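Heads up, the next two complexes both have chain A, just with different partners, chain B and then chain C.
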Partner chain A sequence: MRKIVIVSAVWCHACLTMRKRIKALKEKYPEWIWVDLDLDLDDDVVDPLKVGKLIPVFIIYENDVEVKRIAGEMSQDALESELNYV
Partner chain B sequence: MIYLDYSATTPIDPRVTEKWVSVETSFYANANSDHILGRESKRNNDESIRIIADYFKVLPKEVIIMSSAVEANNTAIKGLAEKFPQKTHIISSALEHASVIGALSFLDQRDYEIETLGLDDEGRYDLDQLNKMIREDTLLVTLIGVDSETGIRQPIEEAGKLCHRHHVFFHSDITQLVGKGHFDLTDIDMASASAHKVYGPKGVAVLIKKASVPLIPLLHGGHSFTPYRSSTPQNGLVAAFAETLRLSSLEFDDRFIKVEKLNVYLRSKLEVFPEIHINSNQHSIPHLFNISIQGSRPEEGLAYFSDHGLCFSSKSACSGQDEFSASVYAITRDKALASSSYRISLSHLTTVEELDSLIKVMKTYCSKLCEK
Partner chain C sequence: MFKKTLVVLAILSALFSMMITTKAYDKTHIYYFYAEGCITCAAEDKYLIELEAKDPNIVIHKYEIAFDKENQALVKQLDEVLNIKIKSTPTLVIGRKTIVGFSKNSTESNIENSIEFFRKNNVRDVIGELLGFVAPGEGFDIDPTEGTIKLPFFGEVNAKTISLPLLAIVLGTLDGFNPCAMWVLLLLISMLFHLEQTWKKWFLGGLFLATTAVMYFMFMLTWLNITLLFGTITYIRLLIAAIALIGGVVNIRTYLKTKPGCEVIDDRKRKKISIRIKQIFAQPVLVLASIGVVVLAISVNLVELICSAGLPVIYTQVLSIQNLSGIQYILYLLLYLLFFMVDDIIIFVIAMKTAQLTGISTKYSRNAHLIGGILMIILGIMMIFRPEWLMLKF
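== the complex of A and B ==
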């Protein structure tokens, strides 16, 4: 089971830009579990993830084991490719 | 310590502090109270609002006192969206302050469509593109007046005219422009600005909202200065804001000429460094001086400069790419320059001696980079 945890912030322009691309991929891959976390509001969950300064961050889990982590603004195609290639 | 981060905030002018304390002491009564002391407070507040309105060349009833530009930006964007729920398309830019991006993200989560306007090769808004982006369901165009990283003065007046031709509302965050350049709000429906960027106190700001623009307030409560923002009138803070704008207007030419000379001096000294690239261009206000130091990492560089008594900053907002400046990339098209930029902000309080110290430390820093 693939799970994608996305950490973003409301004040981040890259996160705003990525939201539409993420939404399209959520619709394309409904079988994946998508979890949205707010860097500031969900700090109790986000802090242990140690996501660093570069956001949005995408953490990919396969059967609850982290297998990949990517970050920053990218095209929808690039994001799709990264999320598929684990 | 040498402070060169005046675009982040400014020290309060002692004359403004004096006004603040004097009004807060003499006119402590609630201006909403219907007794003699309350009426005196109200009269004093009315005079402060008149000074603020005169500065922005608007009517007193078009001045809405806020606690911060963050609140002003949020009120303008969310308040208009609340009023016109059938229009869900908003155009903005990648240069905006976090509070504009935050308000737009809030609406994006409620199925608004937020689009980003591009920049031309000189880092200014592409108005031809804006003309094509405006649609039937466009509610608002919100564009910052000055790029807070490179200091590039944006063509907000022209953008406002264009929006009005399309019958679309136009808002601008002019916080970095107040006190640093002239502007004309004729075709700007709403504008945000705060006092602390122009030698006033923190905790007071303004949203200029033209009388013809309907808006739902964010805060609901009793009447204050206007029905658009409830709270007990901040008599002292508002008088201080009026005083800071009055002084800014009165001393504008002297302050501007001094900063312009400092800018020319700094440019002449730094442009000979082979490691330094000056990013601010002919459209930049002289108060903001953006450079890239090739091979430098801003996080490490800022720590070095701070350890040597120099306070300035790198990029001002999250770009989604670590230490990468979208503003600098727009004008240089160079990823290395965009990843090594610094923002030095100048003031009429800055001295040539302070700049000489900066230049000296920068020379040592560049030499150390070369040794690596």
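== the complex of A and C ==
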């Protein structure tokens, strides 16, 4: 089972730009579990993830094991291929 | 065809003007305004001595305006009576034509061409009339600011009025895309959503933007006044050129090093500002909430000023050498400011109308860094080697 954890923030313009692209991918891949986390509001969950200095961050889990982590703003196509290429 | 017609008209008008000319001046009076201790003035001084020696029909009248009260009064009189504005040193006036700043070769040829034009077109010596050096009523009162200095209908002023607004728009927009304080605006808007009254959301958000605009305007106005006073002093010009070059390099470096996305702002700083906004919005007394927003905007934008890496400083330097009127200076500052604020205003209005936050893609801010960086380096080089090109008269 694939799970995508997305860490973003309300003050991050790049995260806001990515919203539509993420929404489109959520609709395309409903079989995946999508988890949206806010850097500030969900800090108790986000802090242990150590997301680093660049957001948004996408953490990909395969059967609850982290397999890949990508960060930053990218096009919908680039994000899709990153999420698929595990 | 149109151009040819204009040239014919120009020649005809020149011929016509020659026909009705009563008498040409025997001497060409030039009015030179300088400041003690100004290095550029010293260079121009040297050139003017040579010029006067070379051409016995030239008379140069020198006025020290940094310390001499009488000459300062004359400057005021020239502005009030003749609308000739002396705003910085060195400034040379031939007829109504003012030549600000001095650079070997280019300013020299500008001065010589202006003298030639003055003589050929029998331009009226308005200052000479006022000061009693020439008889009144001779020559033609040609105002170069009306675009008639070289040929009728083909004024230098056209290039100036097109390029200066363009520069204001380009630099203002590039500066505006700098996302340094953008995160605070987004955080503030996201918290505005929790307020119940719509008018309060518009008011407090608008107040934040208005304070940002006023603060930036005041900063630019102050800097413009500094450059108007000292901008022609070589060291100051070189200092601003150095800011431009360093700022340019910083911007290009930012473009190359920054990955698309948002840099995570320091945890403590983020939480501190977040708590501050929450406290402001929880404040039941509107006046106190408003004061909180104003103070927040000021403190956040102080950081923005450093973050802008000198773009407003460079813009005001370019503006200061244009010899504009007070209102024109303010309008050009406001034009820059409008384009500086436009992305913030768009984000705020969309958020208020749709109750959703919109972001600006990092690619725009990255490109703004690249273009801004290149422009700053070009402007910096021009400030050092060809400051007269920045008068936007080419």
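Going forward, the second predicted complex is superposed on the first by the 86 of 86 C-alpha atoms of A that agree within 3 Å, B and C clash if a C-alpha of one lies under 4 Å from a C-alpha of the other, contacts with A are read in each partner's own complex, and residues count from 1 in each chain.
Criterion: contacts are C-beta pairs under 8 Å (C-beta built on N, C-alpha and C of every residue); 3 or more make two chains touch, one makes a residue touch a chain.
This structure is a prediction, so every number in the text was calculated from the model and none was measured.
Q: Quick check on the chain A-based superposition: chain B and chain C, clash or fit?
A: By the criteria stated at the top, chain C and chain B clash after superposition.
Q: See if chain A has more residues touched by chain B or by chain C, and give me that chain.
A: Higher number of touched chain A residues: C.
Q: So, A:51: does it touch chain B (first), chain C (second), both, or neither?
A: second
Q: If you stack the two complexes on chain A, which partner ends up touching A:40: first (chain B), second (chain C), both, or neither?
A: second
Q: For A:70, is the partner it touches chain B (first), chain C (second), both, or none of the two (neither)?
A: In the superposed model, A:70 contacts neither chain B nor chain C.
Q: Regarding the shared-chain residue A:9, is it in contact with chain B (first), chain C (second), both, or neither?
A: Both partners, chain B and chain C.
Q: Once chain A of both complexes is superposed, is A:17 in touch with chain B (first), chain C (second), both, or neither?
A: both
Q: Looking at A:25 after the superposition, I want to know if it touches chain B, chain C, both of them or none. Which is it: first, second, both, neither?
A: Neither partner.
Q: Tell me which of 62-70, 116-124, 260-268 or 386-394 in chain C produces the clash with chain B after alignment on chain A.
A: Answer for the clashing stretch of chain C: 260-268.
Q: Indicate the residue numbers of chain A shared between its chain B interface and its chain C interface, in ascending order.
A: In chain A, positions 9-19, 52-56, 72-73 sit in both the chain B and chain C interfaces.
Q: For the complex, give me every residue of chain A touching chain B.
A: Within the complex, chain A contacts chain B at residues 9-19, 52-56, 72-73.
Q: State the interface residues of chain C toward chain A in the complex, per the touch definition above.
A: My answer: residues 179, 182-184, 186-187, 190, 259-265, 270-271, 274, 357-363, 365.
Q: Taking the complex as given, what residues does chain A use to touch chain C?
A: Within the complex, chain A touches chain C at residues 9-19, 39-40, 51-56, 71-74.
Q: Give the list of chain B residues in touch with chain A in this complex.
A: Residues of chain B touching chain A: 94, 96, 98-99, 101-102, 104-106, 108-109, 114, 116, 317-322, 326.
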